[in-house]
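What follows is a structure written as structure tokens; I'll ask about it next.
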């Protein structure tokens, strides 16, 4: 059945080798120095450069991938899981309303710059953020703070969200109390975000001397966030050097770390722009691991002896529908027809890494609030046809956007998935006009401004709370969906206002059922993103939130 | 001489201004803006609007252009939206890589191309001729990125002779003086660093060289053929001069004239290929940077780059002219 | 015993799948020590090819040589390339038609002169420069030291030709071949150059093979004249004899087509009909027949032989030669 | 009587013998060029390749055994497990990652590829020729304004040449969104300055040539000379360039696809797009990339060969 083995690939390339060696570009010298000799450096290939070394200024995964190794937040997720556990705080509790949060801090924790970690330090951070001025208040810099804690002490921009943060008080050396005005579904999860990780107060004093400026046409990050030296966290690694020219961030083991010390002395994160570039770098032994392995490569790498663990699913890919863009979508039957027309099983079978699942609702089953008794829409072309007929939309034609030049944890091969869906819909008699767009910013713009009748998008959870998924979409009217349905909106809102976790979970279940009843769009799949490591690497526990802790890595 | 240089640079100014206007209008037609480029999935309209306001992107184009010019006169190219760093710094940071790559490619192209072209011409119709001509034709016809991928697949992944990406090996802590990795190594005496940098250069350079090499081979061949028919070559032969002398002094020195110009122009056009090779080998140069700049609507970088590149281009042409006047007495600049 | 004896020289261009073309078709003549011999004919008659063949400057590929060219004892045609290389410029030198294109535009004149001194006389550096200056001076180039540094395009046409001559005579060759040395120059300069050539050969006792289409040049310079037509010598005689009694209709025609001041007014010129293109293969008969007024049926019975119809040492290749002196256009 | 007969007979004899020997009649440049073209192997091979390619491009879609987008064998290909289907009886080139017949896609793709090549070349040719002609004419007609126009146009094209062609293309694609048209325009625009400079250059050269001088001296108006003499005679290098551009256009299009800017509509496969989308599976299914790659290379080679041969044929310097 499989005639083209990777052997024939080798044969081909080998044949080429002969040809190319003739052109005389072979070299007598072998691999570079760092390959041979004792392995005390773990090299990880990242798809992009970090934006800043201060996580609180960033919103992108590449930044967090780096800072996560050097900064810790009050709370963390259990290694390899999505359960919230103590980070810099050993224990935490809140009042029933969920407005007063008390953290019992870990003792004997040191910052990279030698400062001692204590309640004062925690509050120094929160107050620092809360008192941000000027450009720091731009959502380009403080997105996450604004999502979790709202606005600032003095909002300079009237359209900035109202502050929800009230105060942080150091009850005693090791007890910090953080108060918020209204209960929020983002708490306590938010306390685990890298964007709210704790920095050394000494470093913060330095930060405050510098300004982020918005002169010119762009926001200039403060110098301290662009070079190693000032920033200081408590993590197992400390940032040693950011060589922008060579696109690499070097970290070294922090020997006064409070927990298990990092097993490998040096950690280097290098940027490799292309997907096949990262794979080849691993195969060539130039790096020891990389993230977002293309499903097609998993088997290849594994059979070559590489370790390719896949995470538990903690993300969701959905087929978005913008009713304002194509009125036909306002008919429930049409939306249901589409739901029945798409063979989601097949996507899982052919496109996703082993462990991928068909999504029955707008959150993965690993999230609290997932409900088994939502309305389901099994693959059934005939039913779809008949629904369309009954809606009088038998010759429905609809535009569908899909992103190019991108792979996301929840969306390994966008174009292929798109083409499968397109084929399915056309089988059911729906004419699909494809509209490919560059992921960033074209596609995101188009989708968020509601100019894509059908589109594929998804989300990877920041922390284990249902609102982090459905809240972002269905709490209020949104151009991306272009519908108003108070049943849905209230159901979703209800959860966010509920302080008590267990009660909240039930409300989310109800919300999910309401959503799937209304069916604003079609949840497609949850995909387990794969991450690859070298043959001689003992990988870390992989995290559903893609929050691997490289301190766990060691070499055989 | 100096006046020539000055005049050329002055001539450049109006063109650049015109260009920058066009560019500005052009870029302003690009859908989307830096805001969502920064925010990614979680961008909401409100956020986008606010960011555009902070960046002054909500103002009319001419206002923005005005601001741009004002900055330009203070020799400030602005700040990159992608990296939040001054555009100038970004160029200084990334340009050496590309220059290094281009030079390496050009060296390969000329060192291999000129002798090959000469031989082809001398042995016209012989196997060298056939081989090098057809070879150069194929060289032109292989898409650069495909060649780059193959080279990488073979020499980096399969044979592991060369590193598969980047400019330097991991953790090799080379001191940075000029930004030119090879040069720095030599300056600081870290020869291993230079060697390492060279190893990283080989594959991308070879890929990048494919087209210039082909062109040079064919140009050299053509112009040598032409020169061979010239009377002064016959004169030289009639004097019974040694082969060596006839070849060097009488044939090549004349045949090189057109080739020199070609080399100049090619160097200018190398950047195009650099975009591809740099992204295949994720070679931290200006090429890949600009590519992402376009995707991220990084206006300041793009405008700055255009001006920059125009400058470079003119300088290269200038250099060619000067060189030309050195080797061809008939066009001496007075 | 002559310095150069060319015997039945044939040059055939072929190869590249093209039909063979015989440019020189059995040319024979001799040049004695210090003698000035003319090779006359319209362009395309094979005279330049002959000279190149003697110099060994014809491309190796696609050219076949026949016959002998004996240069005191050595056959130039069969000589090995490197031996030929050694002889060129030393024993036999050549001057070409177009002085501008014959000089390397990007190399100073000085270098182009010294390089030959270096090659054949082992002169280096200052010595070579001095000698070069001396040579330029000898060929009548004023202020030689300055000229040495200059490039060809900075010299006047006459000076360029002088420079070329300087290179040719640099090693006092025994045979000097001049291929239309004056054609590209304007008349006043022509005379000077010819004058220069003459005095050089007289001083050095160099033999000169003068290749030209211009009978005027021949009249002024040559001791012995060979007239070529379609790759064959059709008439060969001492200068006076030839001009007094042109025996072959072609030569006759050539002379007839020169305007003469002593001719009475209104006396028409007698140009030759047609062009060199209207010819027939020698094998079939006299190649000149198509243009010949005296053409008869028996002109077409094979190649006419060289005979001496009029005087000893005056050969003509014609079945129906012009014998009556009266027929020379007065 | 007899005399006459002998006379006539001898004339005839002469005539036939004269005819027997070859006449080197001065053939016109073009006829000469054509002759040399037919003689050159390069030209012949090139022409043959192009011929085949064009034929495939024309009849391809009809002879294609299956629809290019029918995911007929969906169930048999598992990209996520690196399971692909190579060449086999019913699918000569095997299947692509979505279970579509590669051979059919290849055939249909040929037409798209040809389309891209031709159209973008035409864009470059037409626009470039106009610009070049304008500034060339301006320059030859001379006069202050003429010079101004010329030098301005040339400076602009200078900069256009300086801009990395791909970046130009990328930004165009960014503005116009992704589509086949975009690709064509992007690739075409890149060609514009080349054609412009070429035509201008050869017009200037022609302007200096003797026959123009002659025409001038005959008092023919400059405009007329430019139109009737210079223009037509300046075209041959442009024609050569056009042929070569077809090759570069096809390659550039492929490059754009690699940068993710190729013609995205999956319904109409195009070799460049096929190649770049197959890259991902190179380890598992190398042939998937090889077919389109070879297609591109061979085709480009065809055009280049013909172009080069034409250049040599038309270039008086390279004769003999």
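Chains: A, B, C and D, in written order; residue numbering restarts at 1 for each.
One rule holds in what follows: contacts are C-beta pairs under 8 Å (C-beta built on N, C-alpha and C of every residue); 3 or more make two chains touch, one makes a residue touch a chain.
Predicted, not measured: the structure shown is a model, and the values here were computed from it.
Visitor: Please give the intersection of the contact partners of chain A with those of chain B.
Guide: A chain counts here if it touches both chain A and chain B, which gives D.
Visitor: Sort the chain pairs by how many C-beta pairs are in contact and tell me the top one.
Guide: The chain pair with the largest number of C-beta contacts is A-B.
Visitor: Report the chain ID whose CA centroid sits closest to the centroid of the full protein CA set.
Guide: Looking at where each chain's C-alpha mean falls, the closest to the middle is B.
Visitor: Determine, using the mean of C-alpha atoms as each chain's centre, which chain is farthest from chain C.
Guide: Most remote chain from chain C, centroid-wise, comes out as A.
Visitor: If you average the CA atoms of chain A and of chain C, how far apart do the two points sit, in angstrom?
Guide: Here chain A and chain C have centroids separated by 90 Å.
Visitor: Could you please state the distance in Å, as a whole number, between where the Cα atoms of chain B are centred and where those of chain D are centred?
Guide: Averaging C-alpha atoms per chain gives centres 25 Å apart.
Visitor: At what distance in angstrom does the C-alpha mean of chain D lie from that of chain A?
Guide: Averaging C-alpha atoms per chain gives centres 47 Å apart.
Visitor: From the mean C-alpha coordinate of chain B to that of chain C, what's the distance rounded to whole Å?
Guide: 55
Visitor: What are the residues of chain D that contact at least two other chains?
Guide: Counting only residues that touch two or more other chains, chain D contributes 174, 177, 259, 279, 282.
Visitor: Which parts of chain B, given as residue numbers and ranges, touch two or more other chains?
Guide: 31, 149, 153, 279, 295 - these are the residues of chain B that touch more than one other chain.
Visitor: Can you list every residue of chain A that touches 2 or more other chains, as numbers and ranges?
Guide: Residues 13, 276, 405, 438, 442.
Visitor: Could you list, by residue number, the parts of chain A that touch chain B in their complex?
Guide: 10, 13-14, 16-17, 20, 23, 25-27, 29-34, 41, 43, 49, 51-52, 59-60, 135, 138-140, 143, 147, 157, 159-160, 214-221, 226, 241, 244-248, 250, 266, 268, 270-274, 276-277, 280-281, 283-287, 405, 438, 440-442, 444-446, 448-449, 457, 459, 472, 479
Visitor: State the interface residues of chain B toward chain A in the complex, per the touch definition above.
Guide: Going through chain B, the ones touching chain A are 31-51, 53-57, 64, 67-68, 71, 76, 78-81, 83-86, 93-94, 96-97, 149-173, 176, 179, 192, 195-196, 199, 202-203, 206, 279-282, 284, 288, 295-300.
Visitor: In the complex, go through chain B and note every residue touching chain C.
Guide: 230-232, 234-242, 245, 249-250, 253-254, 257, 327-330
Visitor: List the residues on chain D that touch chain A in their complex, please.
Guide: It is residues 69, 71, 74, 76-88, 94, 97-98, 174, 177-178, 259-260, 264-267, 277, 279-288, 290 of chain D that touch chain A.
Visitor: Under the definition above, what is the set of chain B residues touching chain D in their complex?
Guide: 11, 15, 18-19, 26-27, 29-31, 137-138, 140-146, 149, 153, 218, 222, 225-226, 229, 265, 268-269, 271-272, 274-276, 279, 287, 290-291, 294-295, 302, 306, 309-310, 312-314, 317
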